[in-house]
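Below you'll find a set of structures to go through.
Shared between the two complexes below is chain A, which has chain B as its partner in the first and chain C in the second.
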Partner chain A sequence: MRDADAFSSLHPAVLFGYFVLIVGVNVVFMHPLVLGISFLGALAYAAYLVRWAGLRKLLPGLLIMMVIAALFNPIFNHRGVTMLFYWNDNPITLEAIIYGGVAALMIGSVLLWFVSYNKVMTSDKFLCVFGHVVPALSLIFAMVLRFVPRYFAQAKRIAAAQRGIGRDVASGSWYARARHGSAVLSIMLTWALENAVDTSDSMLARGYGLPGRTAYTDFKVRERDFMAALALGGSGLVVVVAIVAGVLHAEYFPAYAVGDWSVAAWLALGAWMLICAAPLLLGLREEAVWRSLRSNL
Partner chain B sequence: MSTSVKTRLTWLFALVGIVAVITLGVLFPFDRNYYFIALAVITLSMLPFLAAFEGRKPEAREIVTIAVLTALAVAGRAAFFMLPQFKPGMAIVILAGVGLGRESGFVVGVLHGFISNFIFGQGPWTPWQMFSYALCGFLAGVFFSRSAERHSGFSSPLQKTLLIIYGALATFVIYGLLVDSASVLIWSSEFTWSAARAIYLSGIPFNAVHAFATAVFLTLLSTLIVERLTRLKTRYGLFQPH
Partner chain C sequence: MALAQVESLTFSYANTTQDVLHDVNLSVEAGQFVLLIGQSGCGKTTLLRHLKSALTPYGTRSGVVRFDGRALADVPLAEQARRVGFVLQNPDNQIVTDKVWHELAFGLESLGVPTPVIRRRVAEMASFFGIGEWYHRDVDTLSGGQKQLLNLAAVMTMQPDLLVLDEPTAQLDPIAAVDFLAATKRINDELGTTVLVTEHRLETAFPLSDRVVVMSAGRVVADATPHTVGAVLARHADPMVTALPAAARLALALDGVDNSSAPVSIREGRTYLRQKLAENPDSASVTSVPDLRYERGLGSHAGTSTDKTSVSTGIITANDVWFRYERNGDDVLRGVDLEIRAGEFACVVGGNGSGKTTTLGVLSGLHKPYRGKVRILGLDPVKAKGMELFRAGLSVVPQDPQTLFMRNTIGDDLDDAASRQYTDRDERREAVERAAATAEITSLLSRHPYDVSGGEQQRAALAMALLTNPKLLLLDEPTKGMDAFFKASLAEVLQKLVDSGMTILMVSHDVEFAAAYTSRCLLFFDGGVVAEGTPREFFAGNSFYTTAANRLGRGLVPGAVTVTDLVDYYRALSAESV
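The block that comes next holds the complex of A and B.
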């Protein structure tokens, strides 16, 4: 299968680690600059992956979620020293409004990173990562993905056959339709379970569960996967250490304060910026290389 | 190392992990520590169940049966996508628990929550949905599977009615409360009662439709699925607890 872009062609383990790191920091660490950078990175990369047409469909829902997050905090959270006004006898504070804005950035960037996650971590890559750790569950996972489209096709066939003998799901009284619908479901279920027995017999015949069997994967670990893991892992370590050591620091209650701007803090922010921009940079770099090679031909 | 020792070690690991996470979170509070603690606790509490399933090296028939039920649940959610919250997934997860036992109820629940979100979008809510489905399926197995196995189906219409009531209540209370609590933690910095009340109240219509859908699908499907699953289970000697 063709990958969506250069970043997606990295080894699945690297990709999975990347998303765990980035969503983890987003969800746990509420820092306006960190989340702002992450939001911009997520927006740019999602826009690069799904283009404007894909993004246009997502933006309304995203904005609604962000507005709810921004309003939710000042309405229900009355901590903070700078009281602005009263709303329904409840004090609305500046700190809670700022916190709401940052929470909106958090929600927005997490949702946007998940847009990229859904595009990049396709199910085959997920299986590559977890096939060795949880073989039985991964096998079920792969089977379910295959069964779902197959069940839709079979349900259509059953419904057509039932229509042929006068049990149309789409016509008749409400009660008749429900009865015909459950007849289709019942046939469907019998078929699926019978099929399951055949499938498992076939699996046994091919030696399922014998010792020494391996999990097939199409992905190879290449040199650039090591490079990417090293670069991203190193930057990630810098960011996590900076957060745990309190170098990057943001406080909202009782008063809003964003940590002192030491060299170390800027260094950590730079590392975070590199992490957030990496997928897009890789993609753009590959496109530039491709164009320059083509024009030389 | 034998399977049961490994399973026990996983339990120990999860318990120690949960206690450690809560202690650390309380001793060294950080931003959004409530969200992080809750996420860590539910993830860790799913591990022993999945490790036990994985560790006993399930047979091919068990694997395919679980895949069939999960696929039906996922396909059902996709088939009813135009009716928000009216989805058969929970009913099928519960019936997996009744027909095959609590372990299978748990596994089908986890997988349904996880895989259906590949179609409907993964997000910070996924672990909570997985855990809530799994818990409802597990409890259905605890309450109903022994009687279903003994009678190869429902012992009486009363038993079926009880299952339908359980399904509606579990969906409304367990699933609704857990997933809505996740929303509170996702959206606000801490768990305040006024914020929680607002989310719970606005969640009532959605949870009510979901509970109603579960009751409807349990009414339509339960006799059929439970009979077939218990038959499969006794005929091939599957899903026997060790």
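The block that comes next holds the complex of A and C.
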């Protein structure tokens, strides 16, 4: 299978670490600029990965969620010192409106990062990360991924076969349909149990259950992964330290206040910007290389 | 010293008294390719499973199984896992993980092999089997043949000394089956791995084997080379004789049991037949030899293509039917024209992906064609509401009978199937008994559907379909995984149904079955019918997609389709020249 883009071809551990860092900062640290950068980065990268056609399907839902977050906060949260007006006898404050907007940005960027996550972290990459932590769990996960689509396909076959001898799940009285539906389930269950015996034989025959099982992954750690981990990890460290040390900070209640704009703060924001743009930059750089290679042919 | 040795092994399953294996002796030398054959239920699988402790069934046993000089019980499980590779019948059930590469690594992971070594072994095996192209794919996306090849490769990564294969090609189409067996032969030839395989596809497996072991009712009844085993079986009048490759049967018929080196492959068979014919000095001048092409219609039971005009309307007609699964997908059916007349036993043959099974789906209203017209039992399946088509007398037996079983006994399942047609309890019991008798499963009614063989499951499914009182029966690959005897008895059952006025349309890869038993064959290719005719016209006209006997006699015996045809021709020739 081909990787989605240049960033996706990094080692799964690096990718997973990246998403943990970025979503973690997003969720924990409510800073308007940090979240704004993150939102733009997430939107750009998601658009790059799934193209406009893919994004068009997601955007309406995303916008609705963001609007709900932005509206609900001032309606239900009445903290803050700058009261603007009363709505249904409830005070609406500027701080709550700002906080709602920032919360909407947070939700939007986290969701958009997850769009990219789904494209980038395919199941085998996830397994690679967790295979090292809990080998048994990683196998169970791989088996689930194998059996779920298989069961769906079999359920379809069963329904078709039932129809062939005159028991259709899709027609007849309500009662008949329910009965035929439960028949499909029951056949499915028997089939699954009986055929699992074969699977367990096949596992036993290949030594499953012997002590000292290892977890193989098809991914190699390359120099590129070290470099990426170093660059992203370093930038991440700068951001996290800046947050913990209070260089970057934002307050909403009782009054809205965003930290002083020291050099350190700008440095941290720059590092954060680098992190958020990294996947897209990697992808664009590789595309540029391709173009130059092609034009030199 | 033998690599694996079975010494006077007797075995019966727990809670039964009947011996499944009785005093079995078998010794497999390192590097051999051993073919183990016998009728379904003769104990082949039980014997194979004794070669690995992890798979050995529970029960009472006496005798010893040795591996590499030691009693198997003394060989550590890890060593057994590594050195004895097993491939079972069902390609799907054996695959554990979702990715090809992960499946290849599974065995080595179990053995605790470190990642760099696994990477190397997996790479080697993927290269050996040409898996490179689908190495990163999800196993879902593989064909049946690819899946079974993956199962083989996943075992070979452990570099076993002994490879045990239990009917590995039963679920595969003929081309994938030949590929798979060729791959095992390559392993045997190029890596020196010892192979022990059970097979029903003897036509393909015989020429590959060094040795053929025949089992019958839990005993080894013959153990000889492929070239001599036929004579041994014939001397004992063993029923397995009828399952031998066409060339071997021909030699037995012409030479009796004295031939010490019977031909087994088509090539050997043609050389042999050429010699036999040359023994008749003036065979070329013989004129009264029957021209088989126009005589003795094999499928004389029902409408041959000559009486096309006498029956005006078909029970199924399809005119220029086009179908695709997805709007942007490729056409699967590309202008299907076919007509099936009442009382026919018709068979659609053709390769994988030619649209055979899809056609059944369109005929039964499961798929809606986007162009063309279908009439079936006087109805249009696209417009037929609900179960109208099935009330009019259509019944479909699915390829996989396990998609029908839900109860604890076959009898209960049949009772369920009859519940719509027969509300009266006594009537229903009678109907069930009748259907069971027709399908010849009366003795199995109290058994669990999963405890009977694949061939028996197929007949139970047939009985369920019969209980809807069909006029028209559609069958999808009914002979899949069956041995020669089950096929013959299924053919008898189906013939009885046709004689009683039922129309049967089956879809099959099984050319030999179609040639021997049906009344009309249609060849599907590229989403449409490209040739049709009575089996005799049809297969005599084909050169490659045809029966083994036809390929044996091509250019030598005009129009022969079965071994009997070849024998008759030769006898007529001999009589003439005397």
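By definition in this document, the second predicted complex is superposed on the first by the 295 of 297 C-alpha atoms of A that agree within 3 Å, B and C clash if a C-alpha of one lies under 4 Å from a C-alpha of the other, contacts with A are read in each partner's own complex, and residues count from 1 in each chain.
To be clear about the criterion, a residue touches a chain if its C-beta (ideal position, glycine included) is under 8 Å from a C-beta of that chain, and two chains touch if they have at least 3 such contacts.
Predicted model only: the values in this text are computed from it and were never measured.
Q: Should the pairing of chain B and chain C on chain A count as a clash or a fit in the superposition?
A: fit
Q: Taking the superposition on A as described, I'd like to know which of chain B and chain C A:217 touches: first, second, both or neither.
A: The second partner, chain C, only.
Q: Using the touch definition from the top, say if A:40 reaches chain B (first), chain C (second), both or neither.
A: The answer is neither, since A:40 touches no partner chain.
Q: On the A-aligned overlay, A:94 touches which partner chain: chain B = first, chain C = second, or both, or neither?
A: neither
Q: Using centres of C-alpha atoms, tell me the angle at chain A that chain B and chain C span after the overlay, to the nearest 10°.
A: For this superposition the angle at chain A equals 70 degrees.
Q: Would you sort A:277 into first (chain B), second (chain C), both or neither based on which partner it touches?
A: It touches nothing on chain B or chain C.
Q: For A:55, using the defined touch cut-off, is the partner it touches chain B, chain C, both, or neither? Pick first, second, both or neither.
A: Neither partner.
Q: Classify the contacts of A:190 with the two partner chains as first (chain B alone), second (chain C alone), both, or neither.
A: A:190: touches chain B and chain C.
Q: Classify the contacts of A:240 with the two partner chains as first (chain B alone), second (chain C alone), both, or neither.
A: neither
Q: Just checking: does A:30 make contact with chain B only, chain C only, both, or neither of them? Give me first, second, both or neither.
A: A:30 sits against chain B, while chain C stays out of touch.
Q: Can A:264 be said to touch chain B (first), chain C (second), both, or neither?
A: In the superposition, A:264 touches no partner, neither chain B nor chain C.
Q: To be precise, I mean the smallest distance between any C-alpha of chain B and any C-alpha of chain C in the superposed model; what is it in Å?
A: 9
Q: Is there a shared patch on chain A that both chain B and chain C touch, and which residues make it up?
A: The answer is residues 123, 135, 139, 143, 145, 186, 190, 195-196, 199, 201, 203-204, 208-209 of chain A.
Q: What residues on chain C touch chain A, complex-wise?
A: Going through chain C, the ones touching chain A are 52, 54-55, 77-78, 81-82, 85-86, 88, 90, 92-99, 101-102, 105-115, 118-119, 122, 136-137, 139-140, 151, 154-155, 158, 361, 364, 366, 385-387, 390-391, 395-398, 400, 402-406, 417, 420, 450, 464-465, 468, 474.
Q: In their complex, what parts of chain B are in touch with chain A?
A: Chain B residues touching chain A: 30-32, 35-36, 39, 50, 53-54, 57-61, 63-68, 70-72, 74-75, 78-79, 107, 111, 114-115, 118, 121-124, 186-190, 192, 194-195, 198, 220-221, 224-225, 228, 232.
Q: In their shared complex, at which residues does chain A touch chain C?
A: Per the stated touch rule, the residues are 1, 123-124, 127, 135, 139, 142-143, 145-146, 149-150, 153-154, 157-158, 160-168, 171-172, 183, 186-187, 190-191, 194-196, 198-199, 201-218.
Q: Could you please specify the touching residues of chain A with respect to chain B in the complex?
A: Against chain B, chain A makes touches at 23, 27-31, 68-69, 72-73, 75-77, 99, 103, 107, 110-111, 114, 117-118, 123, 134-137, 139-141, 143-145, 147-148, 151-152, 155, 178, 182, 185-186, 188-190, 192-193, 195-197, 199-201, 203-204, 208-209, 250, 252.
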